[in-house]
Amino acid sequence: MIDSQLGIPQFVAEQLVRMALLEDLGAGDVTTDACVLPEAAGVARAQARTDLVVSGLELAQAAFRLVDPSVQIEVMHQNGERVRAGEDLFVARGRARGLLQAERVALNFLQRACGVATMTRLYVDARAPGSQTRITDTRKTTPGLRAVERAAVRAGGGHNHRNDLSSAVLIKDNHIVAAGGIRPAIERARALAPHTSRIECEVDDLAGLREAIEAGAEIVLLDNMNDETVAEAVFLNQGRVLLEASGGITLERVFALSTLGVYAISVGALTHSVYAADIGLDFDLPASPVDA
Amino acid sequence: MIDSQLGIPQFVAEQLVRMALLEDLGAGDVTTDACVLPEAAGVARAQARTDLVVSGLELAQAAFRLVDPSVQIEVMHQNGERVRAGEDLFVARGRARGLLQAERVALNFLQRACGVATMTRLYVDARAPGSQTRITDTRKTTPGLRAVERAAVRAGGGHNHRNDLSSAVLIKDNHIVAAGGIRPAIERARALAPHTSRIECEVDDLAGLREAIEAGAEIVLLDNMNDETVAEAVFLNQGRVLLEASGGITLERVFALSTLGVYAISVGALTHSVYAADIGLDFDLPASPVDA
Amino acid sequence: MIDSQLGIPQFVAEQLVRMALLEDLGAGDVTTDACVLPEAAGVARAQARTDLVVSGLELAQAAFRLVDPSVQIEVMHQNGERVRAGEDLFVARGRARGLLQAERVALNFLQRACGVATMTRLYVDARAPGSQTRITDTRKTTPGLRAVERAAVRAGGGHNHRNDLSSAVLIKDNHIVAAGGIRPAIERARALAPHTSRIECEVDDLAGLREAIEAGAEIVLLDNMNDETVAEAVFLNQGRVLLEASGGITLERVFALSTLGVYAISVGALTHSVYAADIGLDFDLPASPVDA
Amino acid sequence: MIDSQLGIPQFVAEQLVRMALLEDLGAGDVTTDACVLPEAAGVARAQARTDLVVSGLELAQAAFRLVDPSVQIEVMHQNGERVRAGEDLFVARGRARGLLQAERVALNFLQRACGVATMTRLYVDARAPGSQTRITDTRKTTPGLRAVERAAVRAGGGHNHRNDLSSAVLIKDNHIVAAGGIRPAIERARALAPHTSRIECEVDDLAGLREAIEAGAEIVLLDNMNDETVAEAVFLNQGRVLLEASGGITLERVFALSTLGVYAISVGALTHSVYAADIGLDFDLPASPVDA
Amino acid sequence: MIDSQLGIPQFVAEQLVRMALLEDLGAGDVTTDACVLPEAAGVARAQARTDLVVSGLELAQAAFRLVDPSVQIEVMHQNGERVRAGEDLFVARGRARGLLQAERVALNFLQRACGVATMTRLYVDARAPGSQTRITDTRKTTPGLRAVERAAVRAGGGHNHRNDLSSAVLIKDNHIVAAGGIRPAIERARALAPHTSRIECEVDDLAGLREAIEAGAEIVLLDNMNDETVAEAVFLNQGRVLLEASGGITLERVFALSTLGVYAISVGALTHSVYAADIGLDFDLPASPVDA
Amino acid sequence: MIDSQLGIPQFVAEQLVRMALLEDLGAGDVTTDACVLPEAAGVARAQARTDLVVSGLELAQAAFRLVDPSVQIEVMHQNGERVRAGEDLFVARGRARGLLQAERVALNFLQRACGVATMTRLYVDARAPGSQTRITDTRKTTPGLRAVERAAVRAGGGHNHRNDLSSAVLIKDNHIVAAGGIRPAIERARALAPHTSRIECEVDDLAGLREAIEAGAEIVLLDNMNDETVAEAVFLNQGRVLLEASGGITLERVFALSTLGVYAISVGALTHSVYAADIGLDFDLPASPVDA
């Protein structure tokens, strides 16, 4: 059973995997059907080929199970765990055909999710020791896979930002222009938004920050500011609002930003530019000669 | 109208975009509703912030159109075109709310597709001058977005490999083990597969290549071979089968591999490790003060 | 064009209406096919039969348009407007068959949405004059129609509570028990939840309120308290957190509660026990005798 | 196993519940993840808080099972049974997280279905002793939930009317106008409709009833007639057709109407204005302190 | 606009066609993309190659329109019309690529629907002159295409039987066994079924017919009886119930059965064993040489 | 477990069956509910009533299992086996209601699939003894059921042609016209198509064949040629390309064509004009009298 804090609900995982299986296997697998006897058994071992953080296990498992419900999966490392190159993530045992037919879909999910989690862990670990600054995702996620990638961010030690356009307020530059200024934008948002949502406002400079604080923002997103300006923003803020640094964040800047005391650093690259984790499936298959 | 060779069918694009809009906007956009008057008009300009190759235009357009069918879109650069940083891809004119609400979904598709196309173009352009070697994708695509990413590869000047497990034969190491050798694997595949499919067989070494050629393979995938071994393989092959280099391909190796005369180089990284292209939407919105 | 603040996105409306049309009309309408000639034209007038607040117009329109794209709809009253019994909401003109075939689905959506909006307006208007207390919905919505009903609440002058289990934190009695107390529950939630979400905690008594305030809750839900206790809670709170009254709310209590200064009153009955607004479709159809 | 006469098919229930779970839990449950340890077990007891008739059990069960397939459910009262306030409907045992995450969806279905069943039972029991008059639903059902609500009507002792526009003929006033009269409408319908369908015709007055009987109607819907007119209609009919009273039906009128001998009374309010039955889930959860 | 009596609702047609296009064209059309320039225009002429009855026009049109919304279609013969070999059904004008890409899906629907309609017309025309006996379909339809095939039966001059298991009662041999006899089966069905449904009972012999009539059946299905027994059944019935001949119906028997006075003849072969109508698409395409 | 070479993936089967069950049973089965007690058990025996080749077993099984997961199915003959009239295919044991409710959907899939398999087997067996000529399907499949019908062709001993428009190149007459001739069409296709696809070109006469061979086609489809011309084509070809006979193929011509040495004969009629195999479900049900 997956820890739901580090994964996605099972019925969501199955729906996503079913969609991916249709894409890859919906019309069958002529190679496997030709080369592997129907009842041949096999073992597939998912092995990390680089150091990584695990995420997406529930999707990989669902892939094997939906192709062949009789497959047995033994998990060595759960979502959120750090794994060294060479270690096994899980072992799947069952009919060889099913293992081969589900392989690519299982890996496509797993490698992407582990990629996000591992990248997130890099950013999280780049913070100064003891820092409580959060590393968060953004809405720059892969269409259709937002739940997967948000879970991967959590598995990597990061935090989620708002899930979608309805779940919190984030006033951006265009909203400010349209509303006629920072204050009217924040006031209108406060008047309309669910009381369960904090009001976040994006600003470009310290004047904006000052205005946003005075207008009642609870979070201010410091957009594309360099470290010096962020430092000034923290000083100016005096702890009144939560500060979120965003835009132009690189791994190199995380240490400095985390020492400055921003509450959160949001990083689009965690999900929009994912490097797939290197994971291999090693098979142990019996030969099934024609005469067998 | 999108050139279908460089894009995906419109009914597919709309289905994908509808799914993504549900994910992001299905429950509404409280910020935009609060800050922007319903009838305010606006203009959104999609601008390349780095040099890139265009792909996914049909998806970005569908995002704006599905949120507000009255939006007008003027396209400056079509799928497949190279665009310089600073150039506009398209301009969308319509109600400001719709433009803001569709923005993220439009960009999430567009940046990913342009990212794939631009990366593909890098590999394509890395070939030796005059080389006919193909750069191809693999099945290591984002679950649910295979059609999008294959179109992006074509837009970047690359070629597609087989679409799914049913559309061609690719005999891998595990199939060979299961079938009891290269020859029985190829023969079984030939006997079962549609006659419209060529038979491709993956080999690890020159002995495997020799065996595959003799057994009647039409394409041989040279898996994880270094340039020297690939050169030997080309020499050994004497033009009898198509050779595809795969595994461990980096941009740096493309020049050498293309001079060696392999027919195709397949690169999983084109789609499994995509760097989103940097594209911004610049808005021109009227202020809509409370008293308006 | 629907004001998105008072309605649901068009692509969502169309998806819901398509589902409802399949349910009612998917296998055809034998009565209308028998009695009405294919090309006969007609006019359908949607009339309020009681005073009501409009909501769900976009769904009614989508029903007619999806059955026959050539229908023309003239809207007299927009979502959010109060309409007197006898007034027309809209007039649809087109082929008589399409009007008759879409009628029930259009009304099933419209009457329910107007019912929610009208009930919400009753609660909103029951507040003391000048009160800023919000009337909000809950997650006790009709399965599949949450977006519709939340929009209806807004059209009725109410506010939305959190959209789903992911979009904000609401710690209930069982969470408190599981976490080992109010303080650990709030602290764990604060540590995990997106920083864009406020932390709301449900309490049964004033001791709980005190504890929740001290533990850092930003909103406290006063569960099933009578007016006296709510008054004490307001006094005890001294404006430190937002107070939300919930449980056992009746229309009669709204005046008193709103004078006490609670920030919000959440009312499950707005959506779980909806009285459909009485709306009729009056047709003006030509006779189409057999010999015509 | 649900009695299919008093419930909906399991594959339909699962599809509806999956849709509702996506709406509420698709993006996760941050509160429960924060407060409840992944492996903590719990017990949830569904208790009637008012007298009610059970319906929708299969949906509540599917909600728990789809969130966590390992949950065990013990059912005390089946669909169709009358339950007293304070009695338990079922007990679910399993992981505490799953129980809490499925709670709202389970209750949203269950309370609505029980509400419809209980209201139906009120109408059924309001008939004169020994009366065979049927209480039936209409097509005024919640979009997407028609199957659920029709099953609830059966669970409450009522009968279903036609399922959709294809499954039987019901000639309404507009059809009569369009067809040029009652006789041509009935004759055209008889000529076109499946022979398995009876022909029902709606009339406003006794002249209409006479005309409908003579034209061969098998059922006549007496629309919006008072008790006196219904009595005259029964007398006039002499048992030749089935009479259905509809429009303006209140609980108070059911006794009188049932004594008059109409065959059926159809009541839109059974489904269009549902009062959710009051059902609570009482949890028995272990504390899971941070140090555990 | 399609006559809804002879076709299926447009939103249903579009959903079916979208599904079929995904199956055939979802991943693109490499041949057409290679051979036809994107902006080349063309004309496609759908021509009957044998005599046939038209059905499925709305599906063929939807196929072209969903692939390219700018296509123009001119219809020469509507659903339900008889067309001679060599006549055109419709002409589609638009981009050549779209015409070629939609061709197969359009024809797969059209040929099947015309096949059903044409076969139905054969049975309808095989009746004795002046006979009112209905030719009806059964539930032996192609999974997923029931609405299409039922519309085709109507287009061919036939009638529909019940649409699904909910829309009418048909008591078969196994129901009779389970219920303990014809009478209890009919009585139970009458007690449960919607009053809008007639009660049909299947019988094997004249004793069964007699019993069914006496028990109150309104329709009796004479299962697998030869013409002589059917004649006896008609005589025995004396017009009390509707008789439906079914099972072992061949085209040759229709004349005799229709003279015997059965009300309906139901023929599974109309839909379970369809011979696709021969329809060709003749293209008029401009050459688009490489140098163009 | 189904041999995936002779069937379709289980997750695909379940999706198709779910769709078909919704169509037939989604709104319930009033007859069975009335006549059969909920807990009555039964046995259903699927028996071949003519000689046939089995296909679609996984779909029939899924139908019973989705209606009632507790049903037990014992399979006597697997997909691909030849069965004599009178032999049983499988026996299903479980609740009588579920067996009766799933019956029609199970048979609609099974009879169609067996029909395709049996017809294919006829064509396969009509080849000259020892002939290696393939009998293949086409894209003239039932919309939505392509995977089912292609599996049935394989179960009947046939081979599949390309799956969809993306999975291989087939240049038809219109492509040739558009491209400006056979050579440019083939060259363009070769330049664009995946290297895993062979290039097939359709020709009308021997001049076309010669041109196609010279232009590099790997397969040539001989369209609508009589046996004499096919013989000349084989002679002219000298084994250089694979020859496929298509168009106007009848069972009678298969022997001759197979002796001529064409590589494949493609037959649209295998799937576009299917004669449903005659299969009956014989039930053994207990009586369930009212008093039980």
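Order as written gives the chain letters A, B, C, D, E and F; numbering starts at 1 within each chain.
The definition used in the following text is that contacts are C-beta pairs under 8 Å (C-beta built on N, C-alpha and C of every residue); 3 or more make two chains touch, one makes a residue touch a chain.
Keep in mind the model is a prediction, meaning the values are calculated, not measured.
Counting hops only between chains that touch, subunit C reaches subunit F in a minimum of 2.
With respect to subunit B, maximal separation of chain centres occurs for D (centres as means of Cα atoms). Remark: among chain pairs A-F and C-D, C-D carries the greater number of C-beta contacts.
When chain centres are set by their Cα atoms, the one at the greatest distance from subunit F is C. With each centre defined as the average position of its C-alpha atoms, the distance from subunit B to subunit C rounds to 42 Å.
Inter-chain spacing, taken between the CA centroids of subunit B and subunit D, is 50 Å. Mean C-alpha position of subunit B lies 33 Å from that of subunit F. The set of subunit E residues touching two or more other chains comprises 5, 25-29, 32-34, 101, 146, 163-164, 166-170, 192, 194, 197.
Remark: the chains found to touch one another pair up as A-B, A-C, A-D, A-F, B-C, B-E, B-F, C-D, C-E, D-E, D-F, E-F. Those residues of subunit D lying in contact with subunit C across their complex are 16-17, 19-20, 23-37, 40, 42, 96, 100-101, 104-105, 107-109, 111-112, 115, 139-146, 164-172, 174-180, 184-185, 188-189, 191-194, 197, 268, 272-276, 283, 285-290.
Note for the complex: subunit A touches subunit D at residues 1, 3-5, 8-12, 15, 146-147, 150-151, 163-164.
Those residues of subunit A that touch subunit C in the complex are listed here as 5, 134, 136, 159-164, 166-170, 192, 194-198, 200, 219, 242, 244, 263-264. Only residues 18, 21-22, 25-29, 32-34, 38-39, 66-70, 95, 97, 101 of subunit D touch subunit A when the two sit together in their complex.
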